[in-house]
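Per-chain numbering from 1; labels A, B, C and D assigned in written order.
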Amino acid sequence: MDYATLLQILDSSLRLATPLLFACLAGLYSERAGIFDIGLEGKMLMAAMASASVAFLTGSVWAGLFAGMLASLMLAGIHGIASITFRGNQLISGVALNFVASGITVLVAQRLFGQGGRTPPLEGDARFTPIILPLAEELRGVPVLGPLYAEVISGHPLLVYVALLAVPVTWWVLYRTRFGLRLRAVGENPAAVDTAGISVKGLRFAAVAITGILCGLAGAYMATALQAGFGREMTAGRGYIALAALIFAKWRPVAALWACLLFGFFQALALRPDVVEAVVQVKVPVPFLDALPYVLTVLVLAGFVGKAIPPRAGGEPYVKER
Amino acid sequence: MERLPKWADVVLVPLISLLLAAVIAAVVIVAIGQDPWEAITVMVQGSVMNSYGWGYTLYYATSFMFTGLAVTVAFHASLFNIGGEGQAQLGGLGVALCCLMIPWPHWSLALIGATVAAAAFGAAWAAVPAYLQARRGSHIVITTIMFNYIAAAFLIFMLVDVLRPDGQMDPATANFPETVALPTLNEIPVVNLLFTSKVPANITLFIALGMAVVVWALLWRTRLGYAIRAFGKSEAAAKYAGISPFGIIMVAMLISGGLAGMMAINNVMGEAGRLLQNSASGAGFIGIAVALMGRNHPVGVVLAALLFGFLFQGGAELGLWTKIPIEMRIVVQGLVILFTGALDMMVRMLLTWVFNLLRGGRAARGAV
Amino acid sequence: MAHAGYAIELKGISKAFGPVQANKDIHIAVPKGTIHGIIGENGAGKSTLMSILYGFYRADSGEIFINGKLTTIPDSQSAIRAGIGMVFQHFKLVQNFTVLENVVLGAEEGALLAGSLSKARKVLSDLSREYELDVDPDAVIEDLSVGHQQRVEILKALYRQADILILDEPTGVLTPAEADHLFRILKGLRDQGKTVVLITHKLREIMETTDNVSVMRRGTMVGTVKTSETSPEELAELMVGRKVLLEVEKTPAMAGKTVLKVEDLRVRDEHGVERLKGVSFEIRAGEILGIAGVAGNGQSELLEALGGIARATGRVELNGVELPLSGKGADGQSRRAAGIAHVPEDRQALGLIMDFTAWENVAFGYHNAPEYQKNGLFMDNDALRADTERKMERFDVRPPIPTLAAKSFSGGNQQKIVVAREIERNPDLLLVGQPTRGVDIGAIEFIHKQIVALRDQGKAILLVSVELDEIRSLSDRIAVMFDGRIMGFRDPETTDERELGLLMAGMTGKGEAA
Amino acid sequence: EPAIIFDLGGKFDKSFNEAAFNGAERWAQETGGTYKELEMQDEAQREQALRRLAEAGANPVVMTGFAFGDVLNKVAPDFPNTKFAIVDMVVDQPNVKSVVFNEHEGSYLVGMMAALASKSGTVGFIGGMDIPLIRKFGCGYAQGVKAVNPDATVVLNMTGTTPAAWNDPVKGAELAKGQKAQGADVIYAAAGGTGVGVLQAAADEGILSIGVDSNQNYMHPGKVLTSMLKRVDNAVYEAFKEGENLTAGINVMGLANDGVGYAMDENNASLVTAEMQAAVDAAAEKIKSGELVVHDYMSDNTCPAATF
């Protein structure tokens, strides 16, 4: 594999890792607060649909982005009410909302545009366009690093950089702020938070809301930056891959970045079986490449690649006891 | 706060949940500018008002019975098997291999062989998540989700690179020989008085009903069922009683996976006559809704499977005769799972409140 | 009229949980700068009352005065603001946080952590010097001993500048030495002008530590007395409502051949920590061996290893036959088959499936028994129900309805179901853990009689209880456990509480450390 | 009342299915008639869809896509009084009309166009599902490219091996970007709904693309070089018009009978010079007259101009 191909695959990896990263960090907030969320997929899908629709109707990608976050927040709110207020089963709630989102996005898009559940293609200001970082062209000539900077680092839509920035921000929030301390505490032992006079429900709803917002960004990125419009089931299981990445990263923000980049890399490789074949010298069936993130996650879960211990209070509704 | 009477808990709670789901679905239909009444009319017309509709409703219900029972058995062991979809697809692979590789002289023998193969493949696919849960504590929900994706990828590989006959373009196996085709309801004596034209519902329906009885007997009449239920209620207590957690997790998941796999004799052998990609068509997931709706009891599961059969067939009719997209049925499916599985506490609180109101009213009247 | 000299004054507090009246018109006054004990049987309403004070529950009626001021405490935040700190029986610590993080949680200075942490570090070092509360501020909670974790809880309260400290059964999990240390700390706090409320079941602790003591019974406050003016006997009578005579009628043991022989039994917990460190003893037919000890010194592990719940190493013989301690044949089923019955310490978590009916629970552990099977395939539920009815009648389980769920029986009756199930099996060896925990006097007597009757049939019995009185009155021989080892065997006739207490604290009779 | 079933990808895929939809619409507008339509959601529904429409009395029942072949073979005999038409597949039943296209001919023309427009000498091809039918597109295209510039490089990619490959715009876009990185400056997308992503990415990256099946020039005016027209719309229109008297048998649609072609309109007028158009039209005439034979991949599963 030559350097240009490598760069192209890395470039592609970053693009494909971005929605995973948003969704993965989204899941991180929620699960760190003790609310399991397998509904990342549904929220992304909802956000993708809402953002594409509104961006198309208003011609403004920012309006679309806002609508995407709002739509995702709505689902997050339902998940919160089911699992925090009514202490329902978080896993079932997540599964249910994924189904609802899968169907309702098509219904709404069909109602709005009559194109079989798609939105019309977005153009111009209705999309995020690539940003060329300073000096990208000038430095292109620098050996090795120049093309890397120009091809892989530079030239992505704004949201890619937002996602990357969200990693240190998340780390900082989690480990350096009061909110983060409480968030981590409520996922480990809500009773400790409660007896310290802090509202468990309030914290958990806040976490779920952040999850909603980040999933909104993930979906909006899919529909207005990676692609130009919404199509049915366009998230194609990315919510679950993000979940896998979250486990792979053991619920830590920086590790989440690497996990998402790795899974993004796998997705990029799955797009280029020719390159894989050239490198490993045997024909690797694409399905194997597609299944790689899932297989890896199972291995992590099995403890063969380091044990993943979820937040201790995860999945358990908090019931006051003495 | 007074508690709910048992009958209300068993009957009323799922009914109210269903009602709530239906109301919201109706709101959605109105919101997309369609007429919910028309929708329900079309659904009823196309799924239960003629033998053609029944043929499909029962065909889907058959699949859902298997997957619903699969989820139920796992649920009783306190395991949430979301992997029914993958297990059903693997079951399909088992059926396909069994039907293609062995020259069966008669469908009845083939049915026995295919049933065993389907159950074995489904169980095998459940075995790994089960083992990881039992020995390594890996959360079965996550592993079974992962295994659904792995199953899908594996099946694509098998269908595209291994089983696809030369010269065929779509990823599917060859057609099974005519001899293994299962009798459909219109080909079964007596029943064919009701079903005069060709329907997909087939003899597997009776196997599904039989499995419901078997699952009921297993859970409530055998030692193994006792152990499964005890383990499901309390793992610590089960250990005290000498019930092996490892054994129960494995057995419950193998049975669950086997049941999910067995669904394949309905759709792969009974209907398609070959293995297609994505053959389970989401039935594995619908099993979750069916089990929740049926309150994890085989009788409930059979009834809920019929309901979802109706919903599925009716939903297809919606897509055909109205402007309501076929995705409506996924929405309803999601709503039912949401209300019966995650918001059941809300429904119960609502009901308790109503009951207390009624009781209070009666007590007050009595006092006068 | 509220009195300014009282740190806490409660007037007419009532609280009901559905039909259960947990607190009924409670009046209590706690003078400033004192240690105030509260005692009462299980379920008397002590924890409920304190939870009301800490804003966990809201009283149905009544008033709370703190330092003479009428105060409403709708949530824990208000309680903390009113200067109340609480140390719960089950600690409310975040296990993978450091001590510092736990202390700061909820009492942060601002939106950023750095400032709060450095301030807390300083305050903590002052506090630990002042009150003998040494803990490493950077230690992670899960690495600390229970005693140290408790100190963190106290530090948490003090860091929030609590003037009133409530401790709910603080010594249940402590070794005697740790308990002594705790009481020193509490006295130190009192001397600094703080007020301490101490909930405990242990009369000895009350007598040694408190200034005043209030007694609760069935949700009511039956009286408050000066500790110096009362005696354990009087307190016990107040607590139970009648004179208590914890004497069991039994004849001297007629010990026969050895039934159980245990050699060098060792158990590790899931973290790999050795909890049972080589225990050896024998029990003969017709003998009750009582194991005394503070909870958490390996008694549970001993029962679990013998009952086939925990894996162990060493050697165990029943009637001369060696029992496997791990792998195949080391489970509860095999033990039952070998003739060991087991009344577990925690009936709700282990002994019963709370959602199962009474008759289903009667088969629990014996669901493979031949008499509950029919035609080879199915369980004989009719036989099981009939058997349950018989057992319920013999053991006076109320209400005698086999189809009622276990959770619908009261604690005492739940225990009777478990005891009936295990004793009626006519085992060679009966393992009994805390047979009368949370059980009323009448039922206690009944259960004790059954245990003695079984002994008189020539069976071997291993009794584990944290109640010294129970051990002393039932046992034919007493073994005292400390830190996973048996400190010694004593004859109940010749030993006394002091000697047993020393052994339980890890000292041999002559006062040197073990 | 006639009926049409669209394959996975849906009737608004801007490409194959949409062409069929347009044909049906044209019929409806011209005749004022109504028709039933159905979109496939997954593989397992095909048979039910066919049976349901036939059972409900729809006649003729038209379906788009080779994937219906197998089930149609099964269903057609059960409804001897219903007429069926299938696009892209030959089904040998007395009540079935099979419409197939000479996609290699149209692809040859746009291949020429690509080579003429390319500055780098490298052009790309992105197919949908990797099946002989799509290789037929790619092979025709490569022949056209080589006919203009024997030294040209044709980068070939397929989107996938399952029907999901018809509707994966993300993958389409990534493949397009990959091909651009390999130097391609014109990319032909023969991939149904996936092509939307290809065209979008090409437009974003500032290179040219070639649409397929429908006229896709309008999607990115000035950035889509041309579209390989496959007149599925005509096939559907004809079938609907024939109605219940649909003639069974095989209907081959090629350049000669306007079954395939390339699209010229105001959106790509600036991209295609008169010389380019003249060269392509000349080749088209030769093909029509039989003077030039474009190799059909499906005839022997080989391609002289490309390796798959």
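Note that in this section contacts are C-beta pairs under 8 Å (C-beta built on N, C-alpha and C of every residue); 3 or more make two chains touch, one makes a residue touch a chain.
Quick caveat: nothing in here was measured; it's all calculated off a predicted structure.
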Task: Contact-richer chain pair (by C-beta pairs counted) among A-B and A-C - done: A-B
Task: Whole-Å gap between the CA centroids of chain A and chain B - done: 30
TODO: Measure off the straight-line distance from the CA centroid of chain C to the CA centroid of chain D, and report it in whole Å.
DONE: 77
- [ ] Report the inter-chain centroid distance for chain A and chain C in whole angstrom, where each centroid is the mean of the CA atoms.
- [x] 47
TODO: Averaged over CA atoms, how far is the centre of chain B from the centre of chain C? Could you give it in whole Å?
DONE: 46
- [ ] Identify all positions of chain D at which a residue touches two or more other chains, and write them in rising order.
- [x] 39, 161
Task: Numbers and ranges of chain A residues touching at least 2 other chains - done: 117, 232, 286-287
Open item on the list: Can you pull out the residues of chain C that are in contact with at least two other chains?
Closed with: none
Open item on the list: Can you work out from the touch definition every pair of chains that touches here?
Closed with: A-B, A-C, A-D, B-C, B-D
Task: For the chain A and chain B complex, residues of the former touching the latter - done: 38, 78, 81-83, 86-93, 95-104, 106-108, 110-111, 117, 232, 237, 240, 243-244, 247, 285-288, 290-291, 294-295, 297-298, 301-303, 310
TODO: Spell out the part of chain C that touches chain A in their complex, as residue ranges.
DONE: 47-48, 51, 54-56, 75-80, 86, 88-90, 92-97, 101-102, 104-108, 110-114, 116, 156
Task: Residue ranges of chain C touching chain B (in the complex, touch as defined) - done: 18, 307-309, 331-336, 342, 344, 349-356, 360, 363-365, 367-368, 373, 377-379, 381
Open item on the list: For a test of understanding, state which residues of chain D touch chain A in their complex under the given definition.
Closed with: 10-12, 39, 157, 160-161, 167-171, 173-175, 177-178, 181-182, 193, 196-197, 200, 204, 219
Open item on the list: List the residues on chain B that touch chain C in their complex, please.
Closed with: 1, 217, 221-223, 226-227, 229-230, 233-234, 236-237, 239-244
